[in-house]
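Please find the structures below.
Two complexes, one shared chain (chain A), two partners (chain B, chain C).
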Partner chain A sequence: MQKKKLLKKIASYGVEKLFLLSACVAVLALLVIGVYILVSGLPGMFKIGVGQFLFGEKWSPSEGYYGILTMIIASLAATIGAAVIGVGIGVPTAVFLADIAPKWAVRILRPAVELLAGIPSVVYGYFGLVVLVPFISNTFGGAGNSLLAIIIILGIMILPTIINLSELAIRAVPRSFVEGSLGLGASRMQTFLRVSLPSAKSGITASIILGVGRAIGETMAVILVAGNTPQIPGSILDSVRTLTINIAFEMSYASGIHREALFATGVVLFAIIMILNFTLQAVLNRKAGTRKRRRAGVKPR
Partner chain B sequence: MKRSFRILMIAILAAAMFAFSACEQTPIFDDPVEVAEQGAGGQETLPPIGDDGELKGTIEIIGSTSVQPLAEELAREFMKANPDIVVNVQGGGSSVGVTSAINGICDIGTASRSLKETEKGAGLTEHIAALDGIAVVVHPNNSVSDLSAEQVKQIYMGEITNWSEVGGADKPIIVFNREAASGTRGAFIELAKLEEKRDDGSKRLLITSEALEANSNGALKTNVSTKEGAIGYVSMGTIDDTIKAVSIGGVQATAGNVIDGTYTLYRPFLMLTSGQPNAITRAFLEFVKSEAGQEIASQDYISAN
Partner chain C sequence: MNRKFGRLKDTLGFVQIGLSALVTIGILGLILYYILLKGIPNISWGFLTTGFDSEYHGIADILLTTIFIIGITLVIAVPIGVFAAIYLSEYAKQGRIVRIIRFSIESLAGIPSIIYGLFGYIFFVLLLGLKFSLLSGGFTLSILVLPTIIRSTEEALKTVPKSYKEASLALGASRLYTLFKITLPSALSGIMSSVILSVGRIVGESAAVFMTAGMVYRLPGSIMDSGRTLAVHMFASANEGFSFDETWATAAVLVILVAIINLAARLLTRILSKKFSMGKG
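Let's turn to the complex of A and B:
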């Protein structure tokens, strides 16, 4: 008996620590990668000059120009555009799936969304290259390899993330909230806008953060449709090069200062993703905070 | 107990950081010059090639996407004759091939251009596998079928921007370039004289900043084949009916015209080794240079002999 109990105790202790160790792997990986990129990238950035690197408009390593402003603008524009499409289509889809859709529609829609998530990014890129790019070229003129093509492809790519997580969040709103609201005479639309959506807001924001993270980091799909010209886009139909494309294009053969400049590009990408994450989270927390305070203030005692 | 565990975790983290900083001191990618010194004594005493039955192992080939189809075809035939040897062929671009060969990442690095001055001192041995022309290509529906060398240059410099200026339809020209690692690009820029030397010896690229870039022969072909106004350049061996090769100054891009010297847009396909290649790598290179190997090369390309 005693022995059995002891064994059980040891086993449970072991498992607990094993899980903790697994959790540490993720943190460790983040630390190692983060430090490695910083150590390899920052010296290059200082050698080139931070201002010249971040705000230089010309990237031509063979001639000694290392400015990534064009790519920062391209990455941000592509991500914002993709987020607009992703949120604009994704959140209503999630609401439809969670609240409104009849069972048969859910049975078709949900597997479809999940399949969309399973398509490899290079396939998105190839589809973009042979279907979307010629379509844009024929409709609006120009090459078709453009910021617009990137935005559409990325917008579709982040849909599954946004739909799945937002739907989960909306479904997680307690039934009693919705019933209470309806019971007080609010219409379905009012209930949705004033009760469901605010309660699910943190989940929806999380879905947007993940979607945006995927969009800004995507490389393979983008490389095929971007046109890859390092220039500041004058319009949505111009060819651009994103930060990720720049690294993927040139890292394999670059050496010396060129290589350091590419790592520095990685540092900038890393920084942008962190800033985006923190900003979105801060906005969310602030909103949640004011709501709590307001509620607390309303309380009589 | 909890505390001891926390200490352990911190120790692991510290160890990882230490190991990591140790890596920093021995860079993964050595300076090419240093490697050159190690690999310079290439031709001294090579270990003997064993009997064919004894050859076994893997040969890694990395580099040019232009050389890739030929390298794969040669590898297939070579593996048929030597079932115990596996030959892996990867793309990446000519500059990748050169860098990989210098750093010893692969057994053979491939390049679809001559070595640059900066690469020549790195102790690489060049083996010419074939010659290949570079064809200037347009959409099949394009009525233009001949351009002068000067017109090609002006199009790539952005001075000619509409097909009507060279006798075609009134359509803007969409200029396609390859990525900087491409040997086809390197050779094209050199042959079409699209760079000029500055006074201090550095080079200035003359290609228009609006040119689009595709990162392989395949991506470039797909782009040109789906846009009527597009122009690009590809390895002559990869031309098919989805794109149309234009003649340069009346000379068709054919193997015959390269051999008799009238078509001047061509470059070597190089297989590069560093230091002393192992027995199976040497056996493969011998096969490439053999009559059987050059027979394969001459199907789509031009034999090196």
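Let's turn to the complex of A and C:
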């Protein structure tokens, strides 16, 4: 009898530790990913020269030039453009879903957003390649493979992220805030702009950071519409190459220092993503803090 | 005067909101229009059931490869993910370790697939010498879907009412017994939903797959062989310039599959939440 009890205790202890261990796999995975991206990327970066690598404008492996400035600029430009589109369409749509939309409209719009979120990036890329690129070429001239095409495709792709999270944030604004504002005679639009949106600010910020992370890391959709020329874009109709494209595009035939330069490109991308991650968590933590204060009856900042 | 201006501003605001909602619907409509109109008519029985050698660029082998890679990924990721979720929702107390675990999960969720692909290439393909293979792909993907599984399983476990567990514990059942006989069965449809969601991610994934499992267009002989999944095939056929018809057909199959998978996951989640909202009434 005693023995059985002991055995049970041991089993229960072991299982609990097994659960803990599984949870720690996530930590381990993140560490291993970080370490191996750095370990295989940094040597190449130092061999080329950090300044030479980050601020060099010329990328020509056959001649021994490995500068990724053009790609950093392209990635940033594409992401900022996409964020402008994503926020410009996404946040109003979220306001619509959260506050204004009649039930039937929600019933159409919400599944539509879900569907958009589910479409794989290659499909967006192909859509961009056969529909958007010719359209740009016909309307504005040029080849159509351009920064503009990337911006539009990425803007569409981050829409669901921005809409869903912003809607949640707007819905979380206490009813009393909105009613108070309306009761004081403010119009609905004034209430949105002065009360709902500022209260939902951190949630909306979080949605934008998540969207930006998605945009800057997107590869397969971008590779099909970018044109892939490593140059600093003079206009949004120029062909560009992003950091992600650089990694995916040349890996299959790269070797030696060329391959190390591609790994080093990964380091830059990884660093950008981790900075975004930290920012996101900080924003979310602050939001949780505000909510706690609000619940405790303390005036929100 | 001022009031009139304010009203105008109000109207403009509503117009912008309405237009944005319309644009969102419009974009989806346009994409679906192309996929349905150009894709579905080109899906034929032969296209779905033959491989590369026939008159079509058939996708039978590719569908099978996709299923293999899903299988490998789930075998690794589901136990780890579900156990991790159980730890976080049933055992963990607030503290440093849990904070670190949660931060890691959120960070993993934010890492783009190309970085997973690069890591998989460096670690599994080169360092461990697994080459471009289904196994390399499966390992890489199982890290990629881990946050999805953990988060949604945790959500599912949280919907199980506390009273269920307390009743079981009060009757003298052990914590472990309660977990396996009460909590997990109650949350089963939610856990299934999390697994299905991750299948959806695997099916739609391309960057992380082609850098680890390669792009060979035939049925892999073993898990150490290279093969291409449906999404990778879609990329390859866009890149290698297969006919538009075939590529749209592949796109249609891909989108329909993912849509069905996501729908199934949502239905299962709804079943779970309904079960307990009825019990409460």
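Assume the second predicted complex is superposed on the first by the 250 of 301 C-alpha atoms of A that agree within 3 Å, B and C clash if a C-alpha of one lies under 4 Å from a C-alpha of the other, contacts with A are read in each partner's own complex, and residues count from 1 in each chain.
Here is the rule we go by: contacts are C-beta pairs under 8 Å (C-beta built on N, C-alpha and C of every residue); 3 or more make two chains touch, one makes a residue touch a chain.
Quantities reported herein were computed from a predicted structural model and do not represent experimental measurements.
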Report task. Have a look at where A:L210 lands relative to chain B and chain C in the superposition and call it first, second, both or neither. Result -> second
Query raised in the report: For A:Y36, is the partner it touches chain B (first), chain C (second), both, or none of the two (neither)?
Result: both
Requested in this report: For A:L129, decide between first (touching chain B), second (touching chain C), both and neither.
Outcome: both
Requested in this report: Examine A:F96 and indicate which partner it touches, taking first as chain B and second as chain C; both and neither are also allowed.
Outcome: second
Query raised in the report: Touching A:G118 in the superposition: chain B (first), chain C (second), both, neither?
Result: second
Query raised in the report: Regarding the shared-chain residue A:C24, is it in contact with chain B (first), chain C (second), both, or neither?
Result: both
Requested in this report: Examine A:F263 and indicate which partner it touches, taking first as chain B and second as chain C; both and neither are also allowed.
Outcome: second
Report task. Answer with first, second, both or neither: which of chain B and chain C does A:G183 touch in the superposed model? Result -> neither
Query raised in the report: Looking at chain A, does chain B or chain C touch a larger number of its residues?
Result: C
Query raised in the report: After lining up the shared chain so the two structures overlap, which partner does A:G227 touch, if you call chain B first and chain C second: first, second, both or neither?
Result: first
Query - Doubly contacted residues of chain A, that is, touched by chain B and again by chain C - result: 20, 24, 32, 36, 129-130, 224
Report summary line: The answer for chain A against chain B in the complex is residues 17, 20, 24, 28, 31-32, 35-36, 39, 60-64, 129-130, 133-134, 137, 141-145, 223-224, 227-231, 239, 241, 249-250, 252-253, 255, 259
Query raised in the report: Which residues of chain C touch chain A in the complex?
Result: 6-7, 9-10, 13-14, 16-21, 23-25, 27-28, 30-32, 34-35, 79-84, 86-88, 90-92, 100-101, 103-108, 110-119, 121-123, 127, 143, 146-147, 150, 174-176, 200, 203-207, 210-211, 231, 234-235, 238-239, 244, 247-248, 251, 254-255, 258-259, 262, 266
Report task. Can you check the complex and tell me which residues of chain A touch chain C? Result -> 8, 11-12, 15-16, 18-27, 29-30, 32-33, 36-37, 40, 88-93, 95-97, 100-101, 105, 108-109, 112-116, 118-127, 129-131, 156, 159, 163, 187-190, 192-193, 210, 213-214, 216-220, 224, 244, 247-248, 251, 263, 266, 269-270, 273-274, 276-277, 280-281
Report summary line: Within the complex, chain A is touched by chain B residues 5, 9, 12-13, 16-17, 20, 24, 29, 31-32, 92-93, 95-96, 98-99, 172, 174, 179-181, 202-205, 209-215, 219, 222-223, 226-227, 229-230
